[in-house]
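Per-chain residue numbering starts at 1, and chain names A, B, C, D, E and F are given in the order in which the chains are listed.
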């Protein structure tokens, strides 16, 4: 069935309780604090791209565990900070399996006058696009190929603990770049990048730094239990695959416990920044009810969701940038 | 089989004869002449995009039959023609089923200092991307859904006669834009846009106007007979579908006659501009032997082909822009 | 799920309201009147088929816009009109993508003593069967390959306005053939031909000519909005595809407005002839709820629906002819 | 690859040797003799179909083992044997999984003035079409679902021994029907019906009764060993499936021995009637090399093959009847 | 949808009425009585396997109609009946399309100290695994490839009447083997083997012999009507296929009447032995509601069902043996 | 095409050269030496399985980097070492994505009187079967989900360096178990386990310890370059996927360099033990030419290959054990 999830009016009201561990705040505040305590500053190396209207730097910044995380920082070439003032910033997190690619792949934000930091995803970047270049030096248990069950044995070991923390540190890093206005930094991304956006908004709020705005598109990584019941697509299906092999109650308990620390519904409650979501009603990868579960839990007062009734997981794609730009200019001041 | 076509050394030497109609030159010179005789100049309407580093115009120019064809003209915002001289231009033709989309979708060429005209494809633009907005006012016979057999009854009626002519007229139009250097205009595109690039290079050469360079990626629309024998993927498969229904010798004769006027191998022989091709060795949509057939027939002395051994029809994607930019700067002067 | 739509008892009661444009009657009466005003009579040319029990004529009649529409007229060879009286007639409309094929493909109605006019579908006839030979001289906007969105911008331009009108004119044409009883002409067809049957019954009723009976099998082209929500199969999926690319509210509004003029639910309300429908409960192409929506809206008092609980879109196939023949003889007098 | 088998010129010359058992002639002559020795005559029961131009009889005739085999006998209604002479006859065998269906499903031959006997296939008739009604009272060993390996343990037990013999007896039966000219009876069929046609032509030749003409379309059941190497489609794939489970040399030896008695290449050598074959070059079910292997082995001097270069297993479909009718009239006298 | 059937709490309460023929008990008691009346004892032939810890016998025992049914009897090599007492027994029935395979394929039960009789399935054993070797000498009507509609015309002729009876006779046979304790024999199997397990428990209860325990895993062959509505997977889909071809009410009535004699829901009501079921909540082959329908109808007081929430039809696989062994030791005494 | 690779006679002669790094021997001798230098002995913990004919120990032994690797050691329960002498041993490596599962899953070797060590695969064991429990503590670069490109940047970092070394250490471990005859230890496995078998045979030969026999079934991990050209199935397809994203010559060079250290063709040359291979001619996962490439390179004099002409990657399955047992008894003495 094309619109296989709830009808729109039910989605709009869908605000389920998701099991929340008692020590969720402590888990994340200590996680972020440990990463920040390792210190380190972003390094920038100018890249020769042949482009004349933007300048690109190859960025390396310390992420979870202080591990070096790569990114591209793309900025307008004809912006004079002294004359025009500091630039507002946008941190972008990427979809599942992709990497930062080549420097010229994502030019809109810089072309619109933003300092745009594209964060490479550790260990990913070989499934689509131009490729990634950030290793993940942490091993994993007996897991399903992919990232959903890498470290599923314990929330401290799970891949997405590292990914979320990298995202927080990317915001920290962009704020440290000369010429960027640290008071005007937003975070965005689609799918995994959308799930990361929710997490970064939450964890920066939880640790007092915050972000100015969050723009998650068709976010992944929310309401895992429903996702697994309603879709068998990847990557949520990796959880199903894992549990279909490890068929004992202890494995099931472990899986749901670990994922409860990572669930976007629990994290969204802790976010305070203005948020612009988007959702696609025929999305079999990140079903709309899981997106609404996070959206309706959002802790901030200012939130909006744009609906694409006829799209699968590709969602709004290029249709997202114009409303995001307008909305962001309104909210960044 | 992954590399299902010939091995690379055979591909490099593959230069088949393709049936060529005796009046091919006349067919195309009169086609282009008729379109040009209808006159008309491009109109430009500035678009408010929120972008600060580039400016975008909504372009309408007269194509085949004088029909209005849409395009986006994207130029660097901080280029002063009086100060910096006229801009070199790039006309881009699009892949099958796509449209010009939204103004911000393709920013690389403008960000590199080019006047970039993205030509909408008549009647297409509803299969992927941000959509098209150019109708094709011409009807069609009993045909397969799609464009390969629209007008298959006669070369004068075929869709690709109009598409190729639109491409020639797009080059004509860009040359008429104030601030664009008419002596430095290149044409490029992937798949259907690559087939169109071959055709535009040929037809402008044939009619004396020429282009400065041609950059077809994984070009479609070449060596139809082999394509149909070696692949059943769409869109080449539309020919097969047509002939599988119209099972009489007259239909077959008509089909091959019509397509011989449109075949990229015949057209490539007439092209004279420097050319930078690309090909993917696992391309089941535009099999590599059909690409090499066009490349090896190329009429110009300067030609190069970049090979992607492990890609299907997506080919080089973002990996194309850096070598294209470097090569184009070298050849545009 | 095999029976993926509503259970049968809910289907039987399913009579949804579908948005109906205020000027629907005017739209169609003027459409049909314009076509009829263009005049023209069918021409018949005897075809040598080698068959001895039936005679076949190659028919050309004026359809929408006066465009020439082809058909086969198949009649019993051993029927003497003077002796046996005029023949009752059956107009048959065809399924999506097919054409009238070869003269001998559909012999049942003639073998049962009817004058059987198989109407070719303009622009179709290259996807299955023996092929079509009727062009559609009207162009189209940026559309999805196929016919659902050809002319979606305006109901006046939509492909199905022409197809429905062709069907009305086919009935007009058959009534003009010498030896056919104009007072005993029925219309039938499956899938697209079933949707056309509903439309022809409605539009002939609306314009005062009527038909004697209508026999739509697994009809397509009804209750578009539900179809798009409940199935992603083609051809309804072409609407979804279109809206998944043209992701702006204006496009959505345009699409639903245009389709409301063509919706079989709205048209069925205007039909008055006796009707024999059929429906398949596992039909993922034309879901049963969309069929029942048209059936339950039928304007005539005499209506019956035969149910095939275990079939997908193939429905009753050869099982339809015997009950149709018996029912038709009963209703044609 | 679309044309995945040999190129046409190689196909035309392809005449492989296929292992032939020494006692092949004896096996089949005794098989047919035993069936004929059981005697029995066809019974005809007139069916009320509502058709006026043809008459239909429900036929039961004795097949292999004297088992009752069903068929429809369709004849022109307006043919007077006394006035017009006896009718020529056509026996039609059916494709895999189908049954004789409903009486009105196949009217062309009767509409062209032939007595047309459609033979039901024992044990089949539940996969497509209108259904069959002839049981196969013989059991089977551990076999793959379907018919290719039913009785694979011994050629005497194999399903196709019974099917071929039924076909011979169908010809015998039609010749016994009053008003049918026993000297002018042809046999035809597509796919399994084509394989059966080859066999019936061979076995009637071998046993001295013969047929007047044979028209196998895209015949199945020839050159099993190559079929299994070149395609994994069903039904040939049932052999592969069987051997992929029964992985011991004895099973392999048994399989190939049994099939050698049934192989259309061996049987075609024994056929003497004029033959009109057809073949489709993109046929993945009955690959063209297996069809040509039978065609090139044909024992009769008069043979022709019509080639459909762009079709898969559907082959010529409705395009077959006109040339078959013309050719048959030429050869039946 | 991953968990496409009812939620677990509804499943646990799901106890539908299934049409039950009035003469069900008589049908089965006479069926079993007839088979037993034919007499015959199992024969055992020692097999040389090279194994040192178990001994294997090639068993032949009389099944339905007295037909010889094959099996492997695997027993611990180091068990001395005189010293250690008679062995408890386990009869295992197999999944659809499989055969008993090779002697060493299933060693757990013997390795745990049981006499393990693996019953070959007549006519099956060529779809997966090591193959079967038991023919089914009974023919069939016009049926779908496979076993669901073989003999669908009458419950006396249906394949599963024979299969169930074979299972009863396998229990009878194992009880006759010297050294096996006839008072401690259980029956088990997955999928078709699970459906057979339900039937054997019922029919032995009905005929007074009983079994000591029944362990059906993801059982097939229960609640056919719902199965056909909720899934289109094979083998239940064979019923759908049959009815989609035989589209007349008499066929439908016949099908449901025949299947009502074989339905696991009706049979489960007659079972009295302790039962350990398992079910998989994502099982699209044997949907969980059909499994619960049988489980909740179970006639015995002692029943348990183990739930695998994340598995498709593979269910618990190797996770079944440990709980089954523990449970069986508890219930066999 | 079913038998899509070379015909058998060409396969038997297929002995291609594969690029071999100059320091291959040094790379592996130092790798193994480092692992052995870390020392450590296997620990055994008796597992309560309820089985009476075999005993099972949960084994932990030091693998690459001294990392703890799990395994099951299954031995005959009724073997008295003092009385019967030490047991011969078999180390089994597992297929891609699987884990050691549950203790009772593989009983044949123990039931035949062997000490059978099933080695868990680090980081795997969540794709099929009963699951694994051995983590891989080493991280990875930007890689494709799975294991083929984990550590592709450098042969020292590649996953299969660790897996092969674990296999060598598993042999070392089994030899240390009391009651096992260190002079009679064989290694076996299918697919990935077959590739590992080749490697273990080679690396033990290279480092002087050797194995008594090697039995690789349908081995993976050989002749990577051809594999990638001839199949797009996983896991070889992971290499293709990686190179289709990382589209620069340096990536390609790195990939092939790293894989040259792991290629089974290069390793097979260094193996000296008697070998019993098996191959399936329709194997699209591990194409037969890649298997023969390793087989024909085998360094030992005694080698045999069993051919399964009709199987895909499942190969011989249960048909392997009987010939392996016979062959192994012959070669282990």
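Keep this in mind: contacts are C-beta pairs under 8 Å (C-beta built on N, C-alpha and C of every residue); 3 or more make two chains touch, one makes a residue touch a chain.
To keep track of the chains, here are their UniProt names: A, B, C, D, E, F = Acetylxylan esterase.
All values derive from a computational prediction rather than experimental measurement.
Trainee: Return the chains shared as contacts by chain A and chain B, ordered by label.
Mentor: C, F
Trainee: Please name the chain that ends up farthest from chain F once chain centres are defined by their CA atoms averaged.
Mentor: Farthest from chain F by mean C-alpha position: C.
Trainee: Just give me the whole-number Å value for how far the CA centre of chain B lies from that of chain E.
Mentor: About 64 Å, centre to centre.
Trainee: So how far apart, in whole Å, are chain A and chain C when each is placed at the average of its C-alpha atoms?
Mentor: 51
Trainee: Which chain A residues reach two or more other chains?
Mentor: Expected reply: 129-130, 247, 319.
Trainee: Would you mind giving me the full set of chain pairs in touch?
Mentor: Every touching chain pair, ordered by label, is A-B, A-C, A-E, A-F, B-C, B-D, B-F, C-D, C-E, D-E, D-F, E-F.
Trainee: What residues of chain D sit close enough to touch chain B in their complex?
Mentor: On the chain D side, the touching residues are 1-3, 282, 308-312, 314, 316-317, 319.
Trainee: For a test of understanding, state which residues of chain A touch chain E in their complex under the given definition.
Mentor: Those in contact with chain E are residues 4, 228-232, 237, 240, 243-244, 247-248, 252.
Trainee: Could you list, by residue number, the parts of chain E that touch chain F in their complex?
Mentor: That would be residues 49-54, 76-78, 101-102, 104-105, 107-108, 110-113, 129-130, 317-319, 321-322, 325-326, 329 of chain E.
Trainee: Show me the residue ranges of chain E that touch chain D in the complex, using the header's touch definition.
Mentor: 97, 99, 120, 123-147, 149, 241-242, 245-247, 251
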